[in-house]
């Protein structure tokens, strides 16, 4: 279900050392290229020697001409300010792969929001180390790949997954309760392009069985954390967190059920922001311009 | 306790019909005047024929020279785009008057946040139609004026209040549970400069006794709404709303107590945003750039 | 997918004028009948002349013998205290019908929670005035009835719906964004057995198009309200409310999307509580023992 | 400001191994002693071999006679079920001591809620290791003790504090941002009677400087945790937790300010529940019957 999108909207995301004149230069450049700025957000950690971040959303009335001109010419502006930058076009719908194991709540939340048009993304493929969710996925018209993973076959399995992702031109990956740890190589290949949902309010209850730990600790709120995957397990940049109030009547099982509901909310928001290029990563933190 | 503030920070707030080139022109102008943009937010209701809003925060290294230059010259830029605009300086701490009746929870929240430095504002005067809170106010070193109000004396009372406000150079007013309805004349004189806290989740329970009504309706959440006062009672632009979960065990009195806690939270946030020029009013709505 | 439930758990719900000795009499009676009380909640509006409410959950080790004994004998206890009461058994899974129109978000939330075991209920039938959701419903193995409704055919349509509900032995109905107003006769026939989700934070924005109204009013929080249907449209006893923070960037359409997410959360909670007999209705309010 | 309280209300709190007949026996006993049960909550971790907890609130029309009768006779009932229990009377207002250092936000929240009648408690004394808050405390008519603490003088300081607490008949202690670690001896002497507010969402950010750690981790929600003090620092039974949403614009200082606001909310709720005997502690968890 690829949406043929004729939007003329583009987004420019910038990170650079702060100094005077950045906004003026960028907005002057865009104006000269007929861009009509719709929204712009910026943030400076410190005007004196800090880092500057900007996200500009603009319409290009003659998209075909100007978009590629900007793509070619903007490096000159960027160089002047030592910028990291990327230019994104709304008409190029991103391709998202979902990795799952056996639990379906996060998967189904994403599929429902995708089908309802809430998430403007293409989902060409779902990959799982278990066959359980095949029928559900295929009922949405999405290709399902069962790639089993054992300790021994992990490198092969990841290689196979990469091939699938390549063949579908996947832009980013969502781990929707995928219970495998990805290798460093895999993570490096998709830097800041793998979103995970951790079933706890990080940094509390890092690691396995967070709901059991939360139950034993007697917490009064449980949470979930959506974050980008890095080499440090559960330590990647946090994108979104959500919580739910609980009480002593919740068994460990009840906490798990309650947890599912916050997991899917936090994950869906993070995915939405990623799709709309609202997230900038700096060191181990995110800036979310929403 | 006037803070002698040597900040070089200024804020420019703009509303105008949207059209290409606004950001470029404004940022170019500011850059030419040595402004170092720290933060900027903008929003367009519709790039084609909609309204455009912008808030820019910037540092002026040679404040004394450039601030007044901008103040004098910016009208030329503004005229070009048919802008409503205002320029604010952080070093000029705003003067806030608080109007109260007998209840002290909102008053004390503001006073505490003021004394702790959380609200960067001057509070030269508190005005009340009752004498009850005199001692508390004076214990904070703030002048207290008791101006009784009856139906007959209302015009005189408002006149007297205006004189007090003038003599202290008050910039804006907070109605911290002031139970009187201000006249249209008074409201006009302080347009978008009177913040009220309404003890309900507007537009539910408009008017008097909202907690009693909430009790009778059996709501599961109660709320409070901070808004600018306009001629339409309880209908002015909403700045902030907050809620609290309640249940069947709450009596009407319990709801009132719970309500106090959301009232003070919502009001304090609204005041903070007003102080920091984060609020733009358009028609009957606010844009809060926070 | 009827669950063959062998639970020995029962629930007794009681409302009566408060007076001394109620708890003692009831718990003594249950103990004599070998009931093992697992949980009990009670509430009195006023020990002097108020109303008393109780919900007791208990296990009956010899269920077959004792359950029906209690059912037959308890009226004697109840009469003594002028009680309204009902006895429910966990092993008798309730039968829920869902009424929908075209929007699927509330329906799918309920179906997913049902399939995942989160909602312990049977869903024999979905009824709709539109054919749109037929395939989705049937893919869950649930019978779908398309019963069109026009102003003229409404009595016939309701009659037909009643026949369907009867033939499936339906215990209660959920209006999951069913956009029709039910007749007084229908509502009376299912008193406190029809749960509706209203797409606003009642009593704000009663009636149609609440998100448009919320947009125009510029609210900072939007909400949804699950309530039992009564003859007074949107005025029935509130079961649950939920809210979500929004801001000036939300278009009327964005508010609608955000609204869907609070609607499904509030509705699913209300349904869960109804299934587990956690709700008592008194006059126009609910007591939720959760 | 001791309130002369003539309430006839008492509260019985019970923990014991679960078994059939507990509720029946207790409610029968209370009924025979003319108690009129107003509210009762109970919870069983597992009807088969689990623990049973109950909180009963009741009025005793002839309080003077029956209260002491129950106090003397109830041990016979308790013994039968191997109960831990305590009987509390609402007319005996609890005496609370507050320990502070230099920060006043939690202290002032408690004082304000006390003066407004929201917290029905006596506050005879505030103890601090710094003199800074003396004037504020005394302005509320409360005695302030400055007891400095160094590593060397800690045993003496705690001894002195104990003497003060004894002389005022203090029932429980609130650490309102008291930055000292209490000795094991002191903690044992006030088991489950010292409430602390930890400035983070435990178990995240255990230990010092949680806001700095939260800033570095880039969390999207910050929290605070009210808990009983035990020998394990920051590991005592959690009473209440609260959170606030933050974003990348919050500096470490902003997080600290935001944190204050959640700290005072969580602490005030925990204190309110403790005052009203709504908390039962079992192993390292609390049951809050609210």
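A, B, C and D label the chains in the order they appear, each numbered from 1.
Everything below uses one rule, namely that a contact is a pair of C-beta atoms (placed from the backbone, for glycine too) under 8 Å apart; a residue touches a chain by one contact, two chains touch by 3 or more.
In this text, all values refer to a predicted model and were calculated from it rather than measured experimentally.
Asks: On the document's contact criterion, could you list the chains that touch chain C and likewise touch chain D?
Replies: Chains that touch both chain C and chain D, as defined above, are A, B.
Asks: Averaging over Cα atoms per chain, report the distance between chain A and chain D in Å.
Replies: Here the centre of chain D sits 42 Å away from the centre of chain A.
Asks: Just give me the whole-number Å value for how far the CA centre of chain A lies from that of chain B.
Replies: Each chain reduced to its C-alpha mean, chain A and chain B end up 37 Å apart.
Asks: Send over the residues of chain D in touch with two or more other chains.
Replies: 43
Asks: Answer with line, ring, star, complete or other to describe the graph linking chains that touch.
Replies: complete
Asks: Can you list the chain A residues touching chain C in their complex?
Replies: Spelled out, the residues of chain A in touch with chain C are 104-105, 108, 112, 116, 118, 139, 257, 260-261, 265.
Asks: Which residues, counting only chain C, touch chain B once they are in their complex?
Replies: 43, 201-205, 216-221, 223, 237-243, 247-249, 284-288
Asks: Would you pull the chain C residues touching chain D in the complex into a rising list?
Replies: 20-24, 27-28, 30-32, 34-44, 47, 59, 245
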